[in-house]
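Can you keep this structure in mind? I'll have questions shortly.
In order of appearance the chains are A, B, C, D, E and F, and numbering begins at 1 in each one.
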Amino acid sequence: MNKIAVFPGTFDPFTKGHENIVQRALPLFDKIIIAIGKHSLKTPLFTITQRLRMIEELYHDNRKIDIQSYEGLTIDFCRDHHARYLLRGLRTAADFEYERAIAQVNRKMNDQIETVFLLTTPEFTPVNSTIIRDILRHGGDASPFLPDKMKLYDDEQ
Amino acid sequence: MNKIAVFPGTFDPFTKGHENIVQRALPLFDKIIIAIGKHSLKTPLFTITQRLRMIEELYHDNRKIDIQSYEGLTIDFCRDHHARYLLRGLRTAADFEYERAIAQVNRKMNDQIETVFLLTTPEFTPVNSTIIRDILRHGGDASPFLPDKMKLYDDEQ
Amino acid sequence: MNKIAVFPGTFDPFTKGHENIVQRALPLFDKIIIAIGKHSLKTPLFTITQRLRMIEELYHDNRKIDIQSYEGLTIDFCRDHHARYLLRGLRTAADFEYERAIAQVNRKMNDQIETVFLLTTPEFTPVNSTIIRDILRHGGDASPFLPDKMKLYDDEQ
Amino acid sequence: MNKIAVFPGTFDPFTKGHENIVQRALPLFDKIIIAIGKHSLKTPLFTITQRLRMIEELYHDNRKIDIQSYEGLTIDFCRDHHARYLLRGLRTAADFEYERAIAQVNRKMNDQIETVFLLTTPEFTPVNSTIIRDILRHGGDASPFLPDKMKLYDDEQ
Amino acid sequence: MNKIAVFPGTFDPFTKGHENIVQRALPLFDKIIIAIGKHSLKTPLFTITQRLRMIEELYHDNRKIDIQSYEGLTIDFCRDHHARYLLRGLRTAADFEYERAIAQVNRKMNDQIETVFLLTTPEFTPVNSTIIRDILRHGGDASPFLPDKMKLYDDEQ
Amino acid sequence: MNKIAVFPGTFDPFTKGHENIVQRALPLFDKIIIAIGKHSLKTPLFTITQRLRMIEELYHDNRKIDIQSYEGLTIDFCRDHHARYLLRGLRTAADFEYERAIAQVNRKMNDQIETVFLLTTPEFTPVNSTIIRDILRHGGDASPFLPDKMKLYDDEQ
């Protein structure tokens, strides 16, 4: 049986921290689906289409990685894609509390789906998309926090 | 003197975790007022009227439990209802930090009112109204997290 | 039915923070038993007898407060003294995690016993017995952290 | 070289906790710039102008303290004002996680700027601007949490 | 390449929480080595031999699970057993901080070894070996917290 | 007035994290006294003499840094050395809770002494002396976590 993991998030934008989690999780799974949730953010910086495109370009030559967007419950998306695993990165203790609640509720709703956590490496611990959006909105240089090969698409493109 | 406790919250919706706290606190108090705050949520799922109705039906045969909605400061509501106790459930360490700030400010404003905390039982720890609203909005089945006897009123009713 | 609470601890020594919790919990219960556990500390500063004596003198004129020492499981002590409530003070998020584990295990072993938490008031939050023992061992003045009326018994007495 | 620190925040309103941090940090620096960020809050209680005026009146006779408002990245503001230090108060563990992320990202973007933390004193730990705004919006008395000499300007003025 | 995970711990004793982590991790790996560290505890309740025997009996019919004891660094044990994965259960935010430090140091010493975390299910969150040892030492009934099929070996055996 | 800071700790051993805090704090103070507490650890790896020697060699050419050992209360040591500041590094939220208690008690005992916190940089966050002692005791290579120029003295020397 194939080991398929879904790596869900808003990825607005996808960061070096996200890239690092995907890279390290690859040996553990046969396929990783990076799943961009359509719902969460009130005022996104990048459109879903831009996010899809940026991440697709990053992984276009990796056959084990799929990029998709989705609506609805994450566990329904997993089930529809025959994924038994949810992949999540843990950065801080605050993250942990939140992730635990989500994972435990997911498990109660569908106990066939297991959430697997990797820790972010220390140098990426402070990197989160909210702070990066703040930097980009103020015209700062966010490149130290973004994947080296990722091209940012701004709203004009 | 009667021991009256106010159990304040947004209860959007009232969960199995809330029900469990009320049940376990009953022996400690002569009366518990479940007090639905009118203010907090930006985009509630249930109206105040729906929430009142759902909780009232749940406890209609329990004379020690009152259901009310309120505006304004919680400590003013307590004073107006001769309640010396605020009842709160604690789920996580993150909860704790937030609850501590509120309780300590309340106490500074009115040191006659004591906040009493019970811990949620482990199986209800991940259950919070935010996650449940998210499930309901995506058409998921939230019944494992809601009181067995509670009937949900949706917006059309 | 009488509402009896057990307030368990090592109380080496009993602090202003402990005194404050007892004081604020008094209206909620008919009797509070301050229960000094005989086990925990490897190198106590005060003997059990000294601790008993110090706390007894503090509350000798309060008929609602009993002081006892005990061995064995706290929930067995509660059951033997017909106490349905365990009283605990919460200071920090770290406290909370520990107290939650203990309370949930206790509840699993005896679901008739409920743990009730009060928060320490802000000025007593940093006060814990470990730090006070450290001050006393180095000959410092710990009186700002101890009950005003409590007399310390040192080892020579 | 002058030791200049920027104390950034929304200060909506400036609290006794903020005042306490500034007071205690003064001996450490040659100048402290209280910098009111123009961005963050969705529904501020006081306008930037009101906040500037309230804090300026509080410190009008202290030559070591400057009050300014700013837009853009905090580290750019620091650089423009030759400030090598960011001053922040820490209240809770939740604060800490957030502050750590911000400070570490700032340092990565400009390693010439050091963030220096002081702890709030225990009695001010629960005081945060969000709770105070809530009190003020409900017509409560927030004066125990505000600097003794600070005059509140409401929207009509 | 075989996916081998080491599940290290003191397991004094092995709990229902440990059993649950192993059970849920099995589909993810080809082999799990439960590795009992010989060092950590000052006053163990069960000897290494007893712990080995108790866990071996529990899993004697599962060919994917090995039980071993070890001394020295955990990452050296992993390398010697061709294990690329360390398996750990996360219970609380306090756990998380500790586990993160260990995992990040391990990774710095050997970046070929990845630590994979699963969350304990809510009902096992409060169960830790320290509390269970305390129950057993006081003659309490710890069976609700231990694997159903596990036989306890006491010191006399 | 000279700005003197005491950086207290057990430093068993002094790590890259400690070195980083001292380095970054230097511009803020006129003198930093690295103060090795004689009390805390039950089973130290290095003797006080070895620790003094290792740190002295590291900073022998820096006139702003003093190395001393001390017994007794840290605030008494500060007062005796005319130090108005205590310098501490913060790594994790767990650290924070502990440091806050100590700092607030210190301040209550002597409000002339201010504790100043710097955050460890992300790559040093997981580095703590306990983990390093564990590595060294098991014959592992701890050099990635120790100051590049520091020479370890083992017990035979």
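Going forward, contacts are C-beta pairs under 8 Å (C-beta built on N, C-alpha and C of every residue); 3 or more make two chains touch, one makes a residue touch a chain.
Everything numeric in this text was worked out from a predicted model, so none of it was measured.
Trainee: Would you mind checking the shortest number of contact hops between subunit B and subunit F?
Mentor: Steps on the shortest route: 2.
Trainee: Going by the contact rule set out at the top, which chains touch both subunit A and subunit E?
Mentor: Looking at subunit E and subunit A together, the chains touching each of them are B, F.
Trainee: Counting shared numbers against all numbers at the contact of subunit B and subunit D, is it over half, same, or under half, different?
Mentor: different
Trainee: I'd like to verify one number: the distance from the centre of subunit D to the centre of subunit F, where each centre is the average of its C-alpha atoms, in whole angstrom.
Mentor: Result: the chain centres lie 30 Å from each other.
Trainee: Indicate the whole-number Å distance between the mean C-alpha point of subunit A and the mean C-alpha point of subunit F.
Mentor: Computed value for the inter-centroid distance: 39 Å.
Trainee: Taking the mean of the C-alpha atoms as each chain's centre, how many Å separate subunit A from subunit C?
Mentor: 47
Trainee: On subunit F, where are the residues touching two or more other chains?
Mentor: In subunit F, residues 92-94, 97, 100, 103-104, 122, 125-126 touch at least two other chains, as defined above.
Trainee: When you check every pair of chains, which ones turn out to touch?
Mentor: A-B, A-D, A-E, A-F, B-C, B-D, B-E, C-D, C-E, C-F, D-F, E-F
Trainee: Of all residues in subunit F, which touch subunit A in the complex?
Mentor: Against subunit A, subunit F makes touches at 92-94, 122-126.
Trainee: Hey, which residues of subunit D end up touching subunit A in the complex?
Mentor: 71-73, 76, 93-94, 97-98, 100-105, 108-109
Trainee: Which of the residues in subunit C end up touching subunit F in this complex?
Mentor: Going through subunit C, the ones touching subunit F are 92-94, 125-128, 131, 134-135, 138-141, 144-145.
Trainee: Enumerate the contact residues on subunit E facing subunit A in the complex.
Mentor: Within the complex, subunit E contacts subunit A at residues 3, 24, 27-28, 84-85, 90, 93, 96-97, 99-100, 103-104, 107, 114-119, 121-122.
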